[in-house]
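First the structure, which I've put down as structure tokens, then a few questions once you've had a look.
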């Protein structure tokens, strides 16, 4: 148990000793305090402020109205809101209610900024192999920016033309964390990992012909990379990659 | 049906017309001729001589004695013999009977040369990613040499250190066909294919950690290569890759 | 590094020695030259001219307008253009802008010929098992022709009626490379490979009842062919097979 | 319910009417009789006599002593005994107790013949692709013979050399049912099925390189055969194929 | 080679000897005869007459017009026609041209009877587990009837209520071959096989909740049946099961 | 939060109010109490006593000495001990230290009884299909008995001979919960579930030929049972099935 | 055989002895009686009354009219009716005929109550991880209620916020059986199982990103739970989980 | 291209202008410089010094002598050496030559320290679920320490007893990066991720019963975690997780 809570408990019990607090009042306070000690309720409030990741809405299966309603609830408490995998139709409805909401067509995200995004010096480099991988890459980019990172985008840099990567090596080397997105044979993270000494998060995409198995081929390739230290997220999961990269990049700059 | 057979048939029937051949004799000849016309028996005789691939013994499941016996039968008709996936134990037994048989420990092959290997100017380049891929690469090399190709070996040239490939680009460009062997993420054929304009046969190997699925990860990667024109053989099947490469390289030089 | 570049570099440096080139001018030239030495930029320009495979547009996920725009860019530099997996709707839009563009309904390809196709004596034989395999076979055929090969088509020749193959053996034997397309049990490449001594590229298709697993059944069958030297491309990937076959056939004729 | 039982029941109840049987005695008899009417107990007794398939011992996981003991129990009731997948070690122990037991090394079966095998004119043709498939083919052959069929064996007749099949077409056409055994690409049943109008049971084997997936590649190929009417049994299950073929062949001859 | 052909050849050659046939005329006849000897052309003509399976049209991917056209070609030569997996829409178009064509809505088949179906005493029993399996069962039934078998249908007899099977045991026992159709856990063939001593063809269907894997669960169950001699066809492949059952049943009655 | 804890907390705080407990002392007590409120520490102590499932040792990967040591620790606190998947070798070592430990060879379990097993009237019926399934069935039986249930064993009652199940229906109907163990096609739970109205836990085993996929075939069959309410545990996991069945059976008798 | 039937049989046979029943009359009665003794016909009538699970209609693939018709047949015999996986469209048609039918939009169920639901004190707790899992959870809830259980719903309690589970531990502990529904990583049953000593039925859902494999990821997770005694039903199969839980809970309260 | 190289090139060319360097000399220098600009050769020298990850030997498939020899080569250049997956036998041989080499039996690693490990304040927390996961966890720990991180180990903290995790939350919160290792259902990373706001690398292990599929079950669970930002490495790949965690932790402390 953290020191902070320990102090509070002792303090509280002393108040009962001193008679400034009844046993019944204290019982209620202790309940709440311990719930926090488990880190749950706290997480729901504090963590979001601290992370710049207050709450994220996964749009599929929700109506535009439902998304707008959740956004209202969050916006009222001054939080920024991010909705992923949103369709233009969903956005159209949201837009009517939240005038300041903006839509990123490539990333399929809606963002509503209420309080200024956190300022960090964290830089995340995002590389993708082909043009079809851009939606996933862009989802990662928007997410990382939402969490306060500066993002460098290097798109359409597949291994069939290595010079496209080489041109951008300096930029990549200046990033604190990299997201590398690729479908088909998923070779790009290995190639980038062989050239650059930075934490790399690989994202397989479901792009490609028959046997990619909806992204399993690049997923397996990335898990089996000959470059140690490359980590992987789920197929097409640009959002999770963006969170991981921003979290890594931020820790660097914070300390 | 080919012209050759047509002429023979007409000729043969004319001989009956002329009385120089009995119907019974002709019946037997026609049977044989048509069997040939289907290309089966002929293939078994002519093709091997022409290809430099007279017969190959797949050793697993056979005793050393059995291998030696097959070799004797072939050697008596003056053919060269290749046995793949042979163990040192099998070789030891073969060696007692066939003094001139030689063993390639890496490739796990036994060869017995009775007639001079065919002379060609065909060159096959064989690249492999890691040291563990060498047995498969070497099996391809021995097979291609057995079919008369000159082989350039470029081993331990994985994508984690691209400079190792770059150094050998000129050699690779001089080859008529390439075999690229890789396990793990199987990215090497895509990288080579992006740099060189030659027919590439990719060979996945069963080398690597858990999720390579005994070679299925690189197999899928290679099938999904973003470089068009790369073809693939079965996992660990260096032999088949060697045959394919020599066959391609040979056609070039022949014409 | 190739001899050609070495000579250029020396020559260029001598020009500085002689004063006919400033250091700054030379620096820029060297950059470009070395980029070429890696084979990247060069590939993008020279290779295409040499190969007859200048650039190929993969149509799915693109609008007709986008395809037309890419075509314009390429056509302006005098290149021939091939677009694969194009729908009639996409073609309709392309046609409005590029009057000379033609559509192959079976192969689902759009071609726009600006400079004469390369003339070669290379012949590619394309065999397919059933009528449902024809779109994939035809994609391979159009691609090979686009690269300058002469194509012999032998369609609907499945193993359930072997005589259909036998009739065409002479034609197949005259080809420099073969593409064999089959779905379901994928037995055709083995049967053809047992009869003909030519490089064979097998293409599994996603045609068939339940357990074909969208083409995995014939893919596995082809990878496990008892005939050595057969190589395989991805499911339904007629395009890649066409590239491989034309590349093989061309090398033969060139030399 | 069969006529036979109906008659017995009526007869039995009449005996109670007549007083020649007590209600209690009848109750016991009826219980037994109805159990038979469901066909269970009867199956265990009558069916085996009728089928020539009295009982089969699956040897793996049993000691030689256990096999011998089961054999003793069966032999005492005059039944013939078949044990499948038996090792030479198991046989050695069985042999000590059952002097007349014989071992088929290829098929890995022990047979002990107590009563003459049923005489039928049923002929089963058994074809296999490669030498490694012979153990499975031989298991099918021994089983079919144990059930009274005459077996024609055509081994080592893979699709890479079609003439080997063609030579034996007449023999195959005279069989009442065919078993076709193949590993690797599993193409043989399709080829045979395209040539012969007989019930075909296909048996995939676990023979071959990596991606045969221990027999799943030929299993899928056989299930997806383009020839209608081919049926399939489990991987390496020569025993079940032998039972099916003998059952089919027998019905023909019986009627 | 069969005796019949041998006699013909000798006869033909004797005619040349006798001068009643020119060498050129004979050459043409021999060509044709040998093609037949391979069984191909013959199969296409004779086999269908003999089998009652003249030709079957697989409808998916064809237009109604295309189906009607194939039917016309076949009907003109007096053949009966069966089209499987036909939609009501396809039938509607066919019906306009072929007035006598009839549609089986459950089986999704179109039949056009030109010559009387073959008369046999063969009986095929077709059992299915649930109502959702009926389309597959009915496809098997229509196919078997088309080949001249008499079909006994026992539908909706799943293992959750065994009494439904027991009631029909006598009918099943009178059949010469059985088709057992089941989805979900695919247990029905094992249960039927434990009760009845007849050749059983099991057909897995793609009916059921998530993990049936589109029919792979019952397919695996059927392949692993503890009852020896059960054979299996592809998922949902009622057509192939019908062919196999009719072929088995017919052989019985023929002899 | 449960009433019990609430009362304790109030009581405790009142003691501080009254001065009979210092704040520091109370702080420590509250910590412990809340930890219990989460149910963790308590579970480790109370639950085991109450369940008759004090602790179970999974033997693979442990030495006999390690098992014996864990047993000593548990036995000292008077607990009964169960070790699963133990080899005879492991038992031999355990036996030297724990004289009263007993070994069930079939179930591969070691038990050491220190306090009397809980007395319940719960009855668990355990059915298995074949003799090879007995080890898994017996592991379930021993586990259920260890938890205080009375177990009825009905072994070797596969669906190929349904009468073997029918004989035991009354016994099965008297059980409060059933465990049904089967490999191969895994049909037994469906058949039993169609006959008996009791909670059924199905256990797939890894017994059988090739395509059982080490138990996945029966696992899928059981998950897809047409009988609602059947639940499934992991392949070969007799232990977990025994726990589930005893837990269900106990709840019935307890109330 | 149960005592009840034995008494009846003896009684019946005594009637023949006494002459109050003819043999022929008795034969018919015995037939019926024994059929019942197998439990089949009886099950179809008695079991449903006893279980509160009279009949359940699986709606997919049925028209609204068909569902309504089945409901009419059942309602006429006074039975309650449950239809699962029903669409609003199907309900709309049913509603026209059965005015009292009600629809649960979340669970996608139609219920028609004709006789009062059985009264039990059984309580089933149903927990689900995310909002997308609610339809499956609700199907389980409606089913359990239909069988007479009282249901406690605890929804949206995923492992990413453990406090949401902790709050409800007392409620969960008061349930006689638990259903735990989760998609994605399927961790919730393990967490609940570590906290609560009750029979748990885990239901994987097909909710989630790419590699959930339509529910296979949580299915595998649940089968491999480190908490013994957790049992699993098929993906999305809330219905079967509801049956199992109600059956378990009912047995407890009944005794 | 980086500024550093640009300056060097200009400088070098100016030297030619000035005549202080011949064209030939310059050509050689430029070659080397550009090779470095690609980062390859440099990487092999500089990167290792900078990373604290000089070279790692993967032991399987190497003899003890081979490992010792590689170690000698590296040690001579003053580098520290780490060998993973080493057996005690391999270590025994290495120890004879490298007296200072030490073996971690749990992690199966050999380390040879020649220069002091880098000093960092980076802290990596390593959590594992069960005792069988410890070897993988320990491999991660040794690797992270080898790269200069301070490691906090929290072992045997599976989700079946959540209190074991809760006790260590403060320690985990003080770490800069976490490695969470789990087999079976792989739920631990989700639980930890729901409690702690730090970069988490999840490692699935191949520990567990049948359907874990050698680690695929926890791998899929981890990829599908409901907690965003969790990244995953290959099954059992503690080494790669250790590299990733140390790399992340180091960046934090460095800046």
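Read from first to last, the chains carry the letters A, B, C, D, E, F, G and H; within each, the first residue is number 1.
The rule we apply is simple: contacts are C-beta pairs under 8 Å (C-beta built on N, C-alpha and C of every residue); 3 or more make two chains touch, one makes a residue touch a chain.
All figures in this text were calculated on a predicted structure; none of them were measured in a lab.
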item	value
Common touching chains of chain D and chain A	B, C, F, G
Interface sides of chain F and chain G: same vs different residues, half threshold	same
Gap in Å, rounded to a whole number, between the CA centres of chain H and chain D	57
Separation of mean Cα positions, chain F and chain A [Å, integer]	42
Chain C and chain D, separation of their C-alpha mean positions in angstrom	51
Contacts with two or more other chains, residues of chain A listed in rising order	1, 38, 40, 43, 161-162, 166, 194-195, 209, 211, 216, 219, 223-224, 234-235
Pairs of chains, among all present, that meet the touch criterion	A-B, A-C, A-F, A-G, A-H, B-C, B-D, B-E, B-H, C-D, C-E, C-H, D-E, D-F, D-G, E-F, E-G, F-G, F-H, G-H
Residues of chain G defined as touching chain H within the complex	129-130, 158-162, 184-187, 190-191, 193-195, 208-209, 211-213, 216-218, 220-227
Chain C partner contacts - residues on chain H that touch it in the complex	1, 6, 9-10, 13-14, 16-17, 19, 22-24, 26-27, 30-31, 34, 38
Chain F partner contacts - residues on chain H that touch it in the complex	132, 161-164, 166, 209-211
Chain H - residues contacting chain B, complex	35, 38, 40-41, 43-44, 61, 206, 214-216, 219, 234-237
Chain B-facing residues of chain C, complex	1-2, 38-39, 43, 47, 50-51, 53, 56, 166, 169-170, 176-177, 194-199, 201, 219, 223-224, 228-235, 239-241, 243-244, 247-248, 251-255
